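Scroll down for the structure; my scribbles are underneath it.
Just so it is clear, A, B, C, D, E, F and G label the chains in written order, and each chain counts residues from 1 on its own.
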Amino acid sequence: MKSLVLQTATRILLPVMLIVSLYALIRGHNEPGGGFIGGLLAASGFALYALAFDVESARRVLRTSPGTLIGGGLIVAVLSGVPALFDGGVYMEGRWTSLDIPGMSSPFKLGTPLLFDIGVYLVVIGIVLLMTFALEDRHDGAAARN
Amino acid sequence: MTIAEAFTWGFAVIGAAFCAIAAIGIVRMPDLYTRMQSATKAGSLGVACVALAAGTHFASTIAVIEATLVIVFLLATAPVASILIARAAYGMGLPLWEQTTRDDLRGNLDEGDAPRAAEPDSKG
Amino acid sequence: MIPTIDDNVPIALLISAALLGFGIFVSLWRLLAGPSLPDRVIALDLIGFMLVGLMCLAAIVTDQQPLLSVALMAGLILFLGTTAFAIYLQRRGAP
Amino acid sequence: MLAINIVLAVVWMIATGSLHARGLLVGLILGYVLLGLVSLVRPIAYVRRVWAGMVLLAFAIYEVLRSNLIVAWYTVSDLRALEPAVLRVPLEPDLTNGELTLLSVLVTLTPGTLSIDISQDRQSLYVHIMHVEDPDKAIRSITDGFERRILEMRP
Amino acid sequence: MIAGSVAILVVLAVLAPILHRLSAWLTSVIVAGTSIAIGALYALRAPEVLAGEVFVESWPWVEQLGLSLSFRLDGLSMLFALLISVIGGLVLLFSGGYFRGDARGGRFYATLLAFMASMLGLVVADNLLLIFAFWELTSITSFLLIGFGHERERSRWAAVQALLVTGLGGLVLLAGLLLLGFAAGTFEVRELVDSDIRDHALYVPAVICVLVGCFSKSAIFPFHFWLPNAMEAPSPVSALLHSSTMVKAGVYLIARLHPSVGGTLLWDDALIIFGGITMVLGAFHSTRKRALKPILAYSTVSSLGVLVMLIGMGAAKAAAAYLLAHAMFKACLFLAAGAITKITGEKEPERLGGLIRVTPILSIAAALGALSLAGMFPLAGFVGKELVLKAGLAHPEWATAVTIATVVAAVFTVMAACVVGFRPFFGKPADPNLKAKPAEWRLWLGPLLLGIAGMIAGVAPALFAQPLVESTIVSISGAPYTGDIKLQFAELLWPPTTATILSIVALTLGVGLYAMRALYRRITTAPAWLAWLHADDFYDHAVKGSLGLGGLTTRLIQNGHLHSYVRNTLLAMVLIVAPAVFRTDAAEGQPWAITFLDGLIAVSIIACALVSVMLTSALAAVATLGGIGFLMALLFVLYGVPDVAMTQFAVETLIVIIFVLVIYHLPKLRSLTSGPRRATDATVAAGFGLVMGAFAYLAAVRDVADPVSEEHALRSMPEGFGRNIVNVILVDFRALDTFGEIFVLAIAATGVYTLLRLRTRPEMKERS
Amino acid sequence: MALLLAISTGVLFACGAYMLMRRSFVKLVIGLVLVGHGANLLIFMAARPVAGRSPLIEKGEQTLEGPFSDPLPAALILTAIVIAFGIVSYTIVLIKRTFQDLGTDDLQALTSTDR
Amino acid sequence: MLITLPILLPLLAASVCLLFWGRVRLHKAIAVLTMGGHLWASITLLAQVRASGIIHADIGGWDAPIGITLVGDLLSCLMALLTSIVGFAAVLFSCAATDDERARFGHFPLMLSLLGAVSGAFLTGDLFNLYVWFELLLLSSFVLLTLGGGRLQFEGAIKYVTLNLVSSMIFLASIGVVYGFTGTLNMADLAVRLDELPPADATMLAAPLLVSFGIKAAVFPFFNWLPASYHTPPPVVSALFAGLLTKVGVYAVIRACTLMFDQEWALLGDAILIVAGFTMVTGVLGAISQNDMRRILSFHIVSQIGYMLMGLGVAMTVLARGGDAEAATLAVAGAVFYILHHIIVKTNLFLVSGVVLHATGTSALERVSGLVQTRPLLAALFFVSAMSLAGIPVLSGFWAKLALVRGGLQGGAYAIVAVALAVSLLTLFSMTKIWTGVFWGDPEEKPTDAGEYARSESRLRFLLVPITMLAVLTVAIGFGAAPVFDFAMETAEQLLDPSGYIDAVLTPLPEVTP
């Protein structure tokens, strides 16, 4: 069944959840939050969309496939540990740079751990969606994941 | 006790009280629909009050905005959830309380989908 | 050393916590007793609400603003869970 | 959608801790882009509806507070006095999705009333009411209260 | 050179199948030639060895285990090496005829050569563990040889039986050899003599283990039953394995160890008793068998018993002479028997006859072998038997028993010799239309040479028998050679002794028994009481017993029910862990103060858990689980770990969603189990809960002064640039955990996806 | 509190174990979830958490003063929760698929792989 | 840096495969290349550790015990090397044996993630990190087991999943308790801190940990999940499981006992010996009672786990009672050699069973016969591996058995040696059961049809490539036993003297200035 109320609410909630998820991701290093929670929030938004509308619509809104998110996220996470290797560090050793983003009061500390967290974020979105989409999608037999 | 503290404590106690009432309601009320009435409204209002208390307690911009967001989300999502459950419960044939005086919906519940969307993209 | 929070928590906040705790406990009864599934779902929903409330309250008591954003996120996700239950109920009700 | 855009911008400001104009601007742009991403932006002017919206908000808050107290009273009072009912509220024929949603949400948010269903033909809203003494009056209070004010918000 | 000879055979074994594909004929000649050449190589060393010189070659291998590549050539080794290579060569030649036109020939050569290599290695090895290694290899290669005709069920069964019996012995032997090595402090056989092992505490177990191993290999009672069954092997195999080589491995090892280990009451008496029993039993059984090879097999069993007994009696001279004689006549007879079967297709001597007209040379060869077996002068067998009788008569303690047993065995042996060696050639065929084709040269050459060799050994021992026997005596007795050995039959015959008389008596009685064999067989075949002598049943019972035990335990433990698996696992866990928990006094330390909310949460969690067990609606149970999750989240919030609380909250919700999306396909929960079972389960579960609860309490009251997380708190901000310590731990301090965890998630999602999407054919399952 | 929460932990483990020994697929998963909660609670207790004090460093500070909840077990629990999420989701779908393919949700009927 | 490669390479490759989902040929190429790299890395790592002692990498640059440390000592590097060998063979085998449908649905990335997780479990020096790798390898194995499965796979999987998750939960809870008692997770640091506790407390912490490892290692009485499931998935998956998964449990037991829980070795050692004895016996009894090649082999895994534990148990009891230190070292060396040998041979036997299955459609003894005639090379390869498994000289299994028996006898552990020898006979028996059932007999008698397992003859020939590799390896180890055993002895010495490990890990690495 599709509920009109739910659909309307979802269209409003999705962007909010995405913003909140990014919020959780970015500030996770300093406040409660992080890649997991951010990812779960974002994924919840899309999952809600899939529940309220249908999987096809959710896929369209997502614009990419969960599989790509997983693969990409994993690769980001794996590679985030590599930079330190170039200057004699250990794998996953943090490498930091200060980024002066316009609109930010203090310089933003950008480092490989954050990159790692972004990888986590993407993976979590990917896996939750891969599962919920697969569970919700009634059109069986479609082998393509991408 | 400052004024701000008074507000904080006041809102907190009121909110908590509403929550407690909601909980009592959910236990005491005779059928699902009346229980939902009690739970959704008193509950969300109660939590909203506590959130408001938090906003006044910290009294920083961010805290206020966050508290506001909590309130808005709660007040926006709680009814939606209630509507969904109510319709589902009715669809399941969950009986109304015997003292219910009138039931206009009986026999009129549309099986299948909700109203067809007016806007072309509402189905995504 | 026995770790505890500060003893001088305002009485009002303690009362609030007690009320919320009472509320959760009472709602649990509905969650556990049912009788119907929707009853349990709304009980769970309400418990979730009160948890959000408790988080806000905890933020006040411990003077930790970050807990407020936890409450925010919890509130968002709570909705998703209830929605899923509702959709399940709908599907089971009208297969 | 402007409202959402603003909300997003504010969230952005909190997130980055940049509470000034530049932050707001970045937030607005970011929010717009994000909204674009989820294909929700409709370029419509909203300004005219702000006032009506505020009126609605005030009314809703009032209603919520008032009726919450009533329900609180119901809760602790003798339940046998209650006379609940499920009533059909006839609707204006051309309500948009948003308006329908808003209406049923507001009805639900108000203690004592709970929307259950909107009929497929979008003509009726079924509402569960906790205590009904006069069904017609109850229905009228909904159509005159929320529905009218929502319609006033129309562009 | 010693190791090289083994290596040559190995190489040959590898090459043989390839060669065989090119030319079967050439292969048979090459392998036989090489084998005999190896014999010649050893023979070249004979003068030095016979002069008492000992050749040693030694390379280190796995020193920590005591295994070195040590080889030694002394008299005993020389005798065996010559037997293996020469008889092996003849057998290989014979095989060329036996497997003519058979594509399996290449495989056969490979296996047989591999066996010969193992056997040769065994007799020249000078390290206890190296001996064991070759020992096991002979078991395996003989397994393949016995089962060469694996299309037949009986053949497979016999191969497995031989392998298991010798394998069992081998394992016991391993223990024995190791113990021996520990007792001696060395694993080099040549160094054993110098050690004082007979007084060592490990001596008795070591000897028992070694003897069990040797007995099993050499088919000594009570392991005698496998050898006759092994006659399923092709005749050339029987000729080699069961006359002169494999079954002699046990005898060889006993002889090899005798100087350094023997001489104690335990050792000597065990050898005499078990050897004697085997001698009589084998000879008796040989008279009861109908087919050629079983008769020869039991006769071999008897001979092995004789050898073991002789060593136990310290009769090195008799042992050496008999060993040599037996190798020649038994190989001759096995080959002859194989040839007979090959040319007539018959196996039972009673149905054969008159083959003298078809294959005169083979007949002569067989007659020579049979006469030698019967102990007729002037053949080698006569010398052997005389010496055996003399040794028996001379023994200080066992003279009477041994002599009687020897005579009885001799009577049976004579009869068997007549049946095998004369009946097919000189008797009348049961079936007048018996068709026989003449034997080709490769079929008769081997037997003939062996028969003639036996005669030469008897008539002119100085040619090769005397020196071989003499040097072997030195090796067996461990004492310097005293030079009073008489192998000339004339010297043995005159002046006549008790032994001579007994020998003649036995011969006469044996021939008489042969004459009355129809009556004799009626007497010995009929009674069922003789069945116990047949140990096959015992083996079968043992195998069936182990299979049954296996089946029973497996049905008990691996009964297919997840319920009992979980219950047993948890029960065992409780039984192991609970004592470990309750024997400590770890419950010191200070419990926390209780607060109102903590208590409430704890009680609520308990209530939710208990209710979730009792609910019959799956969804309701899921909702209850959600309740527990929320309560946990609350606990996390109250105790200041907001990240965990948030994660718990989100995960709980997602699990509920997945549950909800899946569960409505599933039927309602029911109470299916019986009351007693529920009670058992509840008890086990309660025990599990008790243990884990105890752990929780103990861990909670324990206060660690300096947990590693103090460092995290100190370094999170200055070095990790994050104020949220939990997050810094997750993405920096312990990022590798998170790293693994996102892979867990990715794989879980992939799993869910494949479970839902990949629907292969429903018949995609094992057809069993 | 320690004792009471320890009892809760024990009850979670016990109930989980009991559910693992039932015959229904769904109860199996419920059992897993319960046991997982028990394990998390146990880790949580082992850390001797400090009521209310989050392991969050104040803005502008470099280190955290005074008693605070041990952040390491928190990180462990977080990881464990997420891993359990992955595993439980997989298991839920596994039982669904098994039910579909086998047509039963009775664990007692699953004996063909061991015979 | 090298030490991270055995973990990173397969996982990165798995990620790339997940990104390019469904591209079978790409997956195959990536998998083969990755395992080649893994092999190279493991060999180099082992050589390096042997040359210059225990190495470790503090991941993230945080000194132990703050961060997670990967530790390469001889044992862990050996296990990593074995992982690459088995993985390489399995990947090669999969290239020809796996059907397209299965390959499209992630067979290769799943295998790679399994191999990465196994490597992680071997190389990590952190208790909780070990848990994480355990979970990853478990989950990968779950999915591999059920991928495209039918009834049997699901049935097996449910048992496998349930019992292994019980183990995981016990492990997880134990980690919590251990942290509560010691405040650390780094194994070297734990070794130090556990010694400060009363011995009984340390043993109490050891008990649940060892139980959970015991479940993973499939020891008596926890092994039920293994025979219930290992024969159900495609043979290459069984082979991979058979070679590696239980060995992770054994590795964990060895690591825990030698490094951390050396406080009450007499008690623990006795317990381990009892468990080892029952494991050997029940496993082999199960094996001889089966009538299917794969089931026999599955039960054998259980039995042989007992041997590995026996070496450990003998060493512990001997040393705890002041016995012969040489015997203890020999016993542990025997266990190490046994693991080394077993992983190679067991994998190979399962691969052989795979060829049998793909050639005939079944692995049931009574449905197939005479393969020695129709597939002599396969028969020869099986024979070599089977005899090695049974401990026939001079194949690798002989040395393993010899070392264990010698260590046991020398240390005076006669009972367990007697059990080991008896079990070894039954092992031989069950190998002959397979040999006579599958390879001997008249091939005409039981004509077979491979059905859905059918593969083209050229593919079947290709399948022999990895099998030959492994068979050659077991022969080579047999003949080259001296250096290998030297290595095993060194490993044993290192294990029995954990101070080297502890010092290496807890000494911070010198700062590298870029």
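By our rule, contacts are C-beta pairs under 8 Å (C-beta built on N, C-alpha and C of every residue); 3 or more make two chains touch, one makes a residue touch a chain.
In this text, all values refer to a predicted model and were calculated from it rather than measured experimentally.
Q: If you take the chains that touch subunit D and keep only those that also touch subunit G, what is left?
A: Per touch definition, common to subunit D and subunit G: A.
Q: Return the chains shared as contacts by subunit E and subunit F, ordered by label.
A: Correct list: A, C, G.
Q: Please work out which of A-G and B-C is bridged by more C-beta pairs in contact, and write that pair.
A: B-C
Q: Farthest from subunit B in C-alpha centre terms, which chain would that be?
A: E
Q: Based on mean C-alpha positions, which chain is nearest the centroid of every protein C-alpha shown?
A: G
Q: With centres defined as the mean of C-alpha atoms, identify the chain lying farthest from subunit G.
A: Here the answer is chain D, farthest from subunit G.
Q: Rounded to the nearest whole Å, what is the centre-to-centre distance of subunit B and subunit G, using the mean of the C-alpha atoms as each centre?
A: A distance of 56 Å separates the two centres.
Q: I'd like to verify one number: the distance from the centre of subunit A to the centre of subunit C, where each centre is the average of its C-alpha atoms, in whole angstrom.
A: 26
Q: How big is the gap, in whole Å, between where the Cα atoms of subunit A centre and where those of subunit F centre?
A: Taking the average C-alpha coordinate of subunit A and of subunit F, the gap between them is 24 Å.
Q: How many angstrom lie between the centres of subunit A and subunit E, each centre taken as the mean Cα position?
A: Inter-chain centre distance comes to 62 Å.
Q: Which residues of subunit D are in contact with two or more other chains?
A: 7, 11, 14, 17, 19, 97, 100, 104-105, 115, 118
Q: Would you please write down the residue numbers of subunit A that are in contact with two or more other chains?
A: In subunit A, residues 1, 4-9, 12-13, 16, 20, 23, 30-33, 36-37, 40-41, 44, 47, 51, 61, 70, 74, 78, 81, 92, 94, 127, 131, 135, 143, 145 touch at least two other chains, as defined above.
Q: So which stretches of subunit G touch two or more other chains?
A: 11, 14-15, 18, 59-60, 105, 128, 132, 135, 139, 142-143, 146, 150-152, 158-159, 162, 166, 173, 176-177, 179-181, 185, 227-228, 231-232, in rising order.
Q: Would you mind giving me the full set of chain pairs in touch?
A: Result for touching pairs of chains: A-B, A-C, A-D, A-E, A-F, A-G, B-C, B-D, C-E, C-F, E-F, E-G, F-G.
Q: Which bits of subunit A are touching subunit D when the two form their complex?
A: Residue list for subunit A touching subunit D: 4-5, 7-9, 11-12, 14-16, 18-20, 22-23, 26-27, 61, 63, 101-106, 108.
Q: Can you name the residues of subunit A that touch subunit E in the complex?
A: Of all residues in subunit A, those touching subunit E are 28-37, 40-41, 43-44, 47, 51, 66, 70, 73-74, 77-78, 81, 92, 94, 96, 109, 111, 113-114, 116-117, 119-120, 123-124, 126-128, 130-132, 134-136, 140-143, 145.
Q: So in the complex, the part of subunit A that touches subunit G is made up of which residues?
A: Checking each residue of subunit A against subunit G gives 67-68, 70-72, 74-75, 78, 81, 84-85, 87-94, 143-146.
Q: Which of the residues in subunit A end up touching subunit B in this complex?
A: Residues 1-9, 12-13, 16, 49, 53-54, 56-58, 60-61 of subunit A touch subunit B in their complex.
Q: So in the complex, which bits of subunit F are touching subunit A?
A: Touch list, subunit F to subunit A: 54, 56, 59, 78, 82, 86, 89, 93.
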